[in-house]
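You will see subunit A twice below: alongside subunit B first, and alongside subunit C after that.
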Partner chain A sequence: MAGEKVIIMAKNNSLTEKQKKALKLLKSRLNGRLLTHLNSCVHCGLCGESCHYYLATKNKNFIPGKKVDIVSSIYQRYHTLAGKVAPRLYGAKDFNDKTVEELIDIVFGACSMCGRCSVHCSIGVDVPYIVRTARSMLVEMELVSPGLQSTVDAAINTGNNMGIPRDEFVDTLEWLSEDLEMEVEDEDASIPLDKKGVDILYTLNPREPKFFPLSISAIAKIYYAAKENWTLSTNVYDVTNYAYFSGDDKGAKELTERLCDEMSKLEAKTLVLAECGHGYRAIRWEGPNWIERPYPFKVISVVELIGDYIRSCRIKLDPSLNKLPVTLHDPCNMVRGGGVIEVQRFVIKNAVENFIEMMPNRANNFCCGGGGGQLAMSEYAERRIKSGKIKADQIRKTGAKIVATPCHNCIDQLMELNKEYQLGVEIKTIGELVADALVLEEKSN
Partner chain B sequence: MTQLEIEGKVFNVDGDGFLVNPQLWNEEIAALFAKHDGTGQLNEKHWAIINFIRNHWLENDMAPMVRKICQNTGLRLKEIYTLFPMGPAKGACKIAGLPKPDGCV
Partner chain C sequence: MTIFHWILLAGFVICLLSCLYHFFMALPAGKDIDYATPDAKTRQAVVYSFTKAMSPKKKETAFMHLPTYTAGIFYHLGTFLSLFLVIFIFFNVSFPTWLAYSIIVFLAFTSICGLSILIKRMTSSLLKNLSNPDDYFSNILVTGFQIITAIYLLLNTGLEYYFIITTILFLYLPIGKLRHTIYFFTARLHLGIFYGRRGTWPVKK
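Presenting the complex of A and B:
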């Protein structure tokens, strides 16, 4: 009988130790939230047209609903009675080498966890959450993409995701501090390091001190203009949390705890996050879940802080200092996944003469293609650039000469898209635009 | 790993175009990579940066901070970005034959 055959097949399936660990992880995560999302897809297909991977490749395996399906079918097979008894009748899938290979290709190689599909989903299935759960299973199997894993390892082992030695970090900040003094012609201007009892502990994306420090100078100039009482820590300053991307909750927790400890050591009141999409999402929203307690301090994005400075007249801007037309790219994790939607527009409109929205925008914006840790995974680079064509087309249509975005990860992807699709634009942080428009107070002497 | 062909020469590179085996690098490869990625003909300033990055990597097993590149070549920060439109990492480090640095680059 067919039914008996199915049962025999199910029993004969042998799992490796690593596969068992992954399934155990999945089981441990099966709370009401995950169960609901795993069991709710009605296969309406609306998500397909919302995904930049599917739109760019037309590969049906990249339709977000299919991404949910593969995780759901593994859950069905091993964690439901029906799936255990008669897997084929319930669309349950054996967790074998082939399934693992498919899973890696889909959840690491064809998803930036941007969440646009979830906004368009007819019943609101949280696809990035399911994808991240699958990535967590692959963490258990030690099958995280090597570039992504080494970025997490660098952060855990060295304190920042690029492995910058502390003395080199300090040298760079001192160099930038001298630059600031000259720029604002005030020998009291500085970038304070490890100062205690400050109002603000600021953070950085390590690519800023390492390769792109103009954004640090910009923010330091804004803090100077606002007469802010702030500091940078020379020990814990990394705003990124690549463990959020890899699915490694232990690593994510460790990185969050370090920031909490540093806030407490420096007796700082507010943690201000540099322009970093996933950093905002991970620290502002996911962090308290990882450390299982609320933060005893406030966490905001530097873009929100600049918005406050403008509203309260702590800084003065002259938009005529930025004459070229500017458009804005909304980082998925800050906008769709973080709820920071209008303040960047308010800030840009105060800093430039001509602001043009790209279409679609806000929570409906397309991912640049570089999110979800994609920049760290070289093996999928070709797909990343291909899926970014949608973003390139969006930018071209605006006619803007400058693309501003509050995310260093997006900036790197946009730089590549700029070259690949010959957009001829300049890519800037919001801080850089604001610093260029700053009107400093006349010195009293 | 993918293969990159420039002017009839074939190189093993990662998906981002960084040399898989950085030891195979030489000045001819640098010139070809620069032509391929749009940096163009390499001048004295380019070479000063490339050589500094290369030597720093050979000695320290890591790409130098951009501050060090500026201080050792005497070039201004903004010049580095003009000389290498893809930036210090995906531009200069790639041409200098380094492996891809970790992080958001």
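Presenting the complex of A and C:
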């Protein structure tokens, strides 16, 4: 347990080797952006209402400014003259057992790195960036929450975060491929595996083959309708990158490199990411920085691809096939942190009869509470469900019967919220909604 | 020039050089390189970051806290005005009476705004939990600076005290929380670049 490890650290001012490593990492990360955000907070305290943790718990330590403060206070203490000379005056804190314990609780247990507070901050402090930096410091100290760490380890050691053996994965896909053939009544329909020279290499969230195979079927049906030249890799298919959440840049880099290698091995042109909020952000936006070079291929979300299919009439949808009112949950990392904001609305409006916006939405949306790796950290589960009340209230207010979201992580959290707060809704991916509205061409002869 | 003029001048030069140092260290450079192919133009987003994104209509920290936000805006206006007046007072430029009285009334109001923010910090449990001595001291220093500017304009006496307080302000500005004078701009810049590349600000269609 993280807590036990904290206890064996040296007392107060004498830094242990691990603490020194963490401070060294902080120093190595001090670029213009980090320096700026560590020095900007004015302690105005006006950001509480922007954070679902504070709103749901009213815990004074959960306001975003307080989260910035704990990291900033360590920075002040060791990296500024003022903090070294007069720590009390500037609230600079020693990096001791107590601070480390506080840091773990705040950055892992009370922040989903959703970034909502940054949009609303009086100054513009990038809170999730600071929180991730603190998580990286805790990586150096081997103090990452065990559940989150084991998810990262599984991805690195087995190739997917759920540790699904390759045979099991291939079996599932073959079975889904046969299903697709039957559903569309076309013996040429299939889920291509490890095909070379394709236009699209599609990735999956390992939760799909494990628990939600129908979302794979939905996308396969869309690809079939669009006559797409695509494939799935049976070796490297995981769209998630929990090392982004844990703050482990080395792990994140390793997972990104594997995707790049697979793209070149299969000679694919575009990497299409399954519906996964953090996966989109990690691969599309953070990945090139971990591998320190731009990708030689294009990366898009499958939602963007579906948008293109609709615009170019490669698929035809009948919204009357989705009659129930639908609302949309915006995954933070894909929307605020990823810039995919309007296309999912365009797709849903083409696929359903009655679309109701949740309020607030887009870059102002509230996190469902499942981001930041929270779903993998069982020790904070109670807090996660409590903080999700804000999202549950938003959903209830829409009166919708279906909540669509392009993120499997969010789906897991929304399913729990559905049960806990008795929302009586169905949770779906965008792909599932589109597949339900698909009008397939009659096959000539 | 009296000795106080020289002290003030020295304080100002130290302040300026320190601020420039902070500013250039905080600008995007070197390790800030972003290898991800941008989705939109960042220049537009940086402009958005400094303009529309700062509008009280867009910010919960503004529209959900209108009295504090308004007090903060006036308090900052008072500070900028007082800083601007340093030049005139330093060179002993006098104002027409009506203008001097208008400034005095305005600074009295902005000082009250500053004091109200200080009182809020001292009484709200949420703010007390977030604050450190520097937050209180910075407020007292800046409010004191506005008050002494107004007093000097009103009585035209006590120039030495005015110069001493202003020098302390200049020397303290780059060290404590007041350094947000610089970091505010770089924070908006970095945030604009961040959201701009990704097409979040302004929303990519």
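Operating definition for what follows: the second predicted complex is superposed on the first by the 433 of 445 C-alpha atoms of A that agree within 3 Å, B and C clash if a C-alpha of one lies under 4 Å from a C-alpha of the other, contacts with A are read in each partner's own complex, and residues count from 1 in each chain.
Just so we're on the same page, a residue touches a chain if its C-beta (ideal position, glycine included) is under 8 Å from a C-beta of that chain, and two chains touch if they have at least 3 such contacts.
It should be emphasised that the depicted structure is a prediction, and the values quoted were computed from it without experimental measurement.
> Please tell me, clash or fit, for subunit B and subunit C sharing subunit A in the overlay.
fit
> Applying the document's definition of touch, where does A:S264 land relative to subunit B and subunit C: first, second, both, or neither?
In the superposition, A:S264 touches no partner, neither subunit B nor subunit C.
> Counting only touches as set out at the top, which of subunit B and subunit C does A:V125 meet: first, second, both, neither?
Only subunit C is touched by A:V125; subunit B is not.
> Please indicate which partner A:G339 is in contact with in the superposed arrangement: first for subunit B, second for subunit C, both, or neither.
second
> Which partner does A:E379 reach: the first (subunit B), the second (subunit C), both, or neither?
first
> Look at A:D412 in the shared chain and tell me whether it touches subunit B only, subunit C only, both, or neither; answer first, second, both or neither.
first
> Could you look at A:C44 and tell me whether it touches subunit B, subunit C, both or neither (first, second, both, neither)?
After superposition on chain A, A:C44 lies in contact with subunit C alone.
> Between subunit C and subunit B, which one touches more residues of subunit A when both complexes sit on the common chain A?
More residues of subunit A are touched by C.
> Does the superposition put A:K66 against subunit B (first), subunit C (second), both, or neither?
Touch status of A:K66: second partner only.
> Using only C-alpha centres after the superposition, what angle do subunit B and subunit C make about subunit A, to the nearest 10 degrees?
140
> Would you check which partner chain A:T172 touches, where first means subunit B only, second means subunit C only, and both and neither mean what they say?
first
> Measuring by CA atoms in the overlay, how small does the subunit B-subunit C distance get, in Å?
Superposition on chain A places subunit B and subunit C at a least C-alpha distance of 25 Å.
> Return the residues of subunit A at which the contacts from subunit B and from subunit C coincide.
The answer is that subunit A has no such residue.
> Tell me, which parts of subunit B touch subunit A in their complex?
2, 14-18, 37-38, 62-63, 65-68, 71, 77-78, 85-90, 100-105
> What part of subunit A is in contact with subunit C in the complex they form?
Listed in rising order, the residues of subunit A that touch subunit C are 29, 31-33, 35-37, 39-50, 60-61, 63, 65-66, 69, 81-82, 88-91, 118-126, 284-289, 291-295, 335-339, 341-342, 362-363.
> Provide the residue numbers of subunit C that touch subunit A in the complex, in ascending order.
So the residues of subunit C in touch with subunit A come to 22, 25-32, 34-37, 39-40, 49, 53, 59-62, 64-65, 68-69, 72, 124-127, 129-135, 137, 175-177, 179-180, 183-184, 186-191, 194-195, 197-201, 203-205.
> Show which residues of subunit A lie in contact with subunit B when the two form their complex.
Listed in rising order, the residues of subunit A that touch subunit B are 147, 150-151, 154, 161-164, 168, 171-172, 175, 205-207, 209-214, 240, 375-382, 408-409, 412, 415-416, 419.
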